Amino acid sequence: MKKTKDKIIEKIIFICGILSIIFVALIFGFLFKEGIEFFRDFGLKNFLGSAVWRPTSVPPQFGILSLIAGSVLVTVGACIIAVPLGIAAALYISELAPKAIRDILKSLVELMAAVPSVVIGFVGMVIVAPYVRIILNLPTGLTAFTGSLVLAFMAMPTIITISEDAIRSVPKQYKDGALALGATNWQAIRRVVLMAAMPGIIAAIMLGIGRVIGETMAVMMVTGNAAHIPHSIFEPVRTMTATIAAEMGETVRESLHYRSLFAIGLILFLITFIVNFVADLFSGRSKNQ
Amino acid sequence: MTKIKMNIANLNCFYAKKQVLENISLHINANQILSIIGPSNSGKTTFLRTLNRMSDFDADYWRKGKVFLDEKDIFSMNMEKLRSRVGMLFAMPMPLPLSIFENVAYAPRRLNLLKGKPKKYIDEIVETSLRDASLWDEVKDRLDESAMKMSGGQQQRLCIARILAIDPEVILFDEPCSGLDPISTAKVEETMMALKKRYTIVLVTNNVKQASRVGDVTAFFLMGKLIEIDDTAKLFVAPKQKETNDYITGRFG
Amino acid sequence: MKKLSPKLSQKLAVSLLTVAMIITLIPVSAIIFIIVKNGISAISWEFLFSMPTQGMRAGGIFPAIVGTIAIVSCSIATALPIGVCAAIYLNEYARDNLLTRIIKLAIVNLAGIPSVVYGLFGLGIFVMFLGFGVSIIAGALTLAIMELPVIITTARSALSNVPNSFREASLALGVSRWQTIRHIVLPNALPGILTGAILSIARVAGETAPILFTAAAFYTPNLPHSVFDQVMALPYHLFIISTQIPNMPKNIIFGTALVLLVMVLSMSLIAIIARIIFRKRRKW
């Protein structure tokens, strides 16, 4: 009797084990099903080949290019800020900080990751955006640049934590070897530690990018939501995520507009899938060293 | 006439493509101590782990050949049943993160040995097992303390008590004294000698002197092969093989 | 350009890294400071425990707090057992084969899917396909899937921190695999598993996008009666009152943000502190 109970439990455990695969497949399946219907009705070429997003005009237009441009612009901006800062902070935590401070810093970074995106968006909207407008003398503070600032903050914990892991897992002998040859601490860090940790750091950057591309609420609240191809980073833009979040509430279920948002979701899914896959390859490589 | 407890026939063991045991055939007498000696990497531990199929958990492990316990093939036996009949003591003391009492009571509880017995029965089992492992007097006043706080020698004897609590037939000792001081070692050896009245014992050891002190029969393994097996008295006085002689006189290993 | 001397560049680098570390920490401190400073005046017994009035421009945020607690507790109740079982499978049973590699890849990708895409999925499967409607259960299940990767990863590392010798000792006594996991491995991994659970609760409690189309209501006059009701939720409420309602009193918005922030950060802090304590107390 005990035997059969064990067997049943082990079956359940196995099913839970493969559930992750099922969920990923289900998520992809649902997005794909709605997306495919949208492409059939509207045309993949019209979707990917146009920058005009006017879902409520007659006839409606669903050109995703301006949304992709918005997402890319905000993401690139965020990375330019977050990547160097994040790696530097990770180096500080793992190589320079005294042990007592290190744990506190790591906890703080973890707390950073916990701040809800809607709170960050709110602060970005009422504090950061007005400053951006005044300092840069812009017509509005709700711009791609503001979005980049806010997103940089949100990407930082991911980049710091994972880079720090990678840096810390570099065997100590590597650095000691360089120090023994007369290198300064910084030379040893830059030439040896940083190089050895590089695959892990690249994985960290990829995951940071994934986080930024997928971020929704904060971005929606600070980027001004103008669906057009921006000419500079100081203009309002609209990202793919914000479009889904802002418009889903107003669509009629099963309509073309409703499905177009699933199509955007599908594109987002594919982008993050690739980003995470690449990140996983790199982090796998850093672990094998 | 001694009874044969375990019989090993043409046993070959492998890790992936590497063969670690070659064609081992021997038998283990009941109520005797068989010591297995040999340099490291001679396959002693793999041999021992095969006898109660702990090796089944090792990655890439596979084997050919047969092992019999009371003339029954252990490889077609239920694994848990086999392990409750063939207990194993590891090189490093491995107490569970429980109290001293619960360490000994653990297996009887899990194996349902207490069903239909009065509540106090478990206390009896714990006391007898600790006594038989010559640990009772040292710990009887602190049975509720964590086993992790005991000394290494005490931990090792606790692990013996833990095995005795399920009353197996064979006990496998895998270099049980390798981490212990001489006094603790003497105590463990004493315990082993006392135990062979009730149990069949297989002892793997790197310590040739230990084998000569406690073993009734001694086997010498080298590079995965059984070089020689004989009564301990004979093997140490007049080994038949040159390798055995070299090893026990300390010329290599 | 002249090359800097090694000594000078060492000094320069150290100061740059230190500055970077400080810059990194400024925003989080600023956010906490600003929200506490502007929001503390709104916090009162009444604010926390009464219904909103006057089109949410006055009164309290009680239903939003209740809604968030309802959604989050339902989601963790679903995700924790599934996630722990998945972690047990990966750590205790899975062999290094193709299936295991695919599972790991799936977990990595589950962790990377944007929250708004989870929202779409929840809308598609729970709200529409399974017909739960916009409801606590639809939102909770959506969040549960989102929590899974965090729970699986933390539970798995908690399990793998349990020394192998414990498993061997138990198995060698003839105790079955599951019994060994149940009585030896799980109890010792429990602290780590629970910290992971708290961390993932903290994370989803602040999520807005996944519940946007699956659970959250703009305003409900009553508290929910069953898991099939829609509810107000704290993060969504903050989003609405800060973007959709004109002439919203500032201190109510900041007060709402403060409550949300305190909820989320205190849970994270508890998890972090618990982890430190457990690590110190570990018996092996």
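As written, the chains take the letters A, B and C, and residue 1 is the first residue of each chain.
By our rule, a contact is a pair of C-beta atoms (placed from the backbone, for glycine too) under 8 Å apart; a residue touches a chain by one contact, two chains touch by 3 or more.
Just so it is clear, the model here is predicted, and its values are computed rather than measured.
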Which chain has the mean of its C-alpha atoms lying nearest to the mean of all protein C-alpha atoms shown? C
Busiest chain-chain interface by contact pairs, anyone? A-C
What chain lies farthest away from subunit C once each centre is taken as the mean of the Cα atoms? B
Could you give the separation in Å between the centres of subunit A and subunit B, each centre being the mean of its C-alpha atoms? 55
Take the average of all CA coordinates in subunit B, do the same for subunit C, and state the distance between these two points in whole angstrom. 48
Please compute the C-alpha centroid of subunit A, do the same for subunit C, then give the distance between them in whole Å. 17
Indicate the residues of subunit A shared as contacts by at least two other chains. none
Could you check subunit C for residues that touch two or more other chains and list them? 176, 179
In the complex with subunit C, residue positions of subunit B that touch it: 52, 54, 57, 59, 80-85, 87-88, 90, 92, 94-97, 106-107, 110-111, 146, 148, 159, 162-163, 166
Enumerate the contact residues on subunit C facing subunit B in the complex. 96, 165-166, 168-176, 179, 183-184, 188, 283-284
Where on subunit A does subunit C make contact in their complex? 6, 9-10, 12-21, 23-24, 26-27, 30-31, 34, 84-86, 88-89, 91-93, 95-97, 103, 105, 107-123, 125-127, 153, 156, 160, 183-187, 189-190, 207, 210, 213-217, 221, 241, 244-245, 248-249, 253, 261-262, 265, 268-269, 272-273, 275-277, 279-280
Could you list, by residue number, the parts of subunit C that touch subunit A in their complex? 6-7, 9-10, 13-14, 16-18, 20-21, 23-25, 27-28, 30-31, 34-35, 81-83, 85-86, 88-90, 93-94, 99, 102-103, 105-121, 123-125, 128-129, 145, 148-149, 152, 176-179, 199, 202-203, 205-209, 212-213, 235-236, 238-239, 242-243, 253, 257, 260-261, 264-265, 267-269, 272, 276
